[in-house]
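Below are two complexes that have chain A in common, paired first with chain B and then with chain C.
This part shows the complex of A and B:
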């Protein structure tokens, strides 16, 4: 049972500042706030990863010259933070009713020194691992939207992690369905 | 969120007066514009009495994703047909777009049943906004609560609630 939790808030499509508006599509902005301290370079790079993943699924061309802001606040971090942020982002997009081409989910794999693959590692397991791979997987044919690696691994190991992540994605999408069902049937 | 569509009737809130044009908040991604000449019987000399914060019921003549939405309060023949500034008092509240469509369906039982309870005035905007005015503030609030709850109540629960109220 995970203790990593992220609160996501989505605003928009709203009026964009003239300096930020794009003439043919919506401008998506992601803000990631850590639990303590000011956002640093790590948060900035994660924001860009999230932004590019979201831009791949959001149909921005339906809302030109608007701004969509996604704010993520980290409530607690016990490992696998980036995939938790990805899941929170997707649920926020879904709940806000934004037009999407597909849903996505985040899965983290930790590759241990002896070669075993651990899904959704805890902070301790992340530290002991040889490599940590995070994938964003789309709901349509389980295609890969985003892949990021920390550490070193071989190509075969990456393929194995990817296959495992794709299988795990099914469980997460089922969770999305159940949550939405519960929310809209009082 | 509401996306403006040409021909939709909506309730807008006046946020600014910019020369000959009013800016209205319609709940979309940008404010809509409404010309002061787009009212019944309005001329350059005879301007409508619109203040910031007023409620206006109008329809969209221009509403696409690339341009700022434009509204008018007259129909194609120049008559107002119920559109224009919404009067004093009353209560404006927001509901989901799904409930609006249910209420605007041809044979909506909710409104028929409510009208047997108390007499009231009702304006429904496709942007999720409803304006209600009944004789007393209490009656107005009761109607507001029932409309908001209609989203989740089944027909039986609604009939029970109304029966309890009319019994009181």
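This part shows the complex of A and C:
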């Protein structure tokens, strides 16, 4: 959303290295490359979040002993980077035609100092915000697949952000549908 | 148990209890050792050893002096580093830190930042010239699940134990003088406590998972609360989807756990403070 853009490339299911293969399911690997510099600890923790989110939706048991690699390259960062990565990852999974149990989308909420909730904040709004919450919402029953918070907030505020995020998820899923339709309608 | 671990666990979970005899909402025995006499690290400025059942985590804090960054001249640094050496569990190999260690380090850094446990401005000695750097090394000695809870607890206990010597800057020479005789304890503003849950089969939530339970779980949630009941961090790295109500349930349990841990820490601090 806005100027933040992430390029996602998905490779798989392909042959896995013997050291990495799992006997009963596909081994998922996520690589996140920042725009400048080498991947650091922050990228590693983001990769872990993305990997476990994808593992929850991808039906790995249909492709045992294979590897699925997802490479994300950050092209520009103007706020809400993590949810942009989540959306890119999901669309890549869709495009590759991998079997999924559900779709997911990433939504970022920023809690401003005066208490208002802002969706998809820009970099400036993120800095001014009291807390930033990122959720990955699944398409089935709008359940929470992944949650991360930065900054502290009260429990009620978190629930409010969650409800707002779930409502926003509907819009994003509609966007998924439109994009896929456009791609395959030719 | 070795052939069909999931089925073995399912049978226990149906009765609402776990193989080691705990209830679903029960924590393992928590013990903490703080300070130079009880804890092993004598070269560190602050140290703590935490045992959560079998999971053992030791944290050492060293304070050093450095020049602050150009863009934040009145802020010091806190650098947490989580290590999972190969002696703690057979799945960890020696070499560069694996993904789990790096993700844990990032998590701890986020918790410190989010909870404002230590305000970086407190670490500054002279604007633009000198500030404290706190290197927090968290090393896992025995990994039996629930690393994040134990690490956060160890960090908190170690920081409460840190005594910083008074540093003054000599106006004429511009050099710093360290007064080792006069020591002040670190100012800790908030006390965050982490509570981890494991999700089984999309429905069941168990608290304080062991390593076996973590492997079998379909997802994990970690919630960090501070004493005012505010959420410092909600960390749910993927795994089975949860409804908002279930998440609320976890948060309520986390707040209860916080009170227990706070009492434990206060008790231990009081017992080692010299009169």
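By our rule, the second predicted complex is superposed on the first by the 185 of 186 C-alpha atoms of A that agree within 3 Å, B and C clash if a C-alpha of one lies under 4 Å from a C-alpha of the other, contacts with A are read in each partner's own complex, and residues count from 1 in each chain.
Rule of thumb we're sticking to: a contact is a pair of C-beta atoms (placed from the backbone, for glycine too) under 8 Å apart; a residue touches a chain by one contact, two chains touch by 3 or more.
Please read all numbers here as calculations on a predicted model, not as lab measurements.
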Would you check which partner chain A:146 touches, where first means chain B only, second means chain C only, and both and neither mean what they say?
second
A:12 contacts which: chain B (first), chain C (second), both, neither?
first
Chosen between chain B and chain C, the partner touching more chain A residues is C
Per the contact definition in the header, classify A:62: touching chain B only (first), chain C only (second), both, or neither.
first
Contact-wise, after the overlay, does A:38 reach chain B, chain C, both or neither (first, second, both, neither)?
neither
The residues of chain C that touch chain A in their complex are 99-100, 102-103, 105-107, 109-110, 113-116, 218-219, 221, 226, 229-244, 247-248, 251
Note which residues of chain A are touching chain C in the complex, please.
41-42, 44-45, 47-56, 102, 131, 133, 136, 138, 140-141, 143-155, 158-159, 162-163, 166
Chain B contact footprint on chain A (complex, rising order):
12-15, 62-66, 96-97, 186
Chain B residues within the chain A interface of the complex:
1, 29-31, 65-66, 152
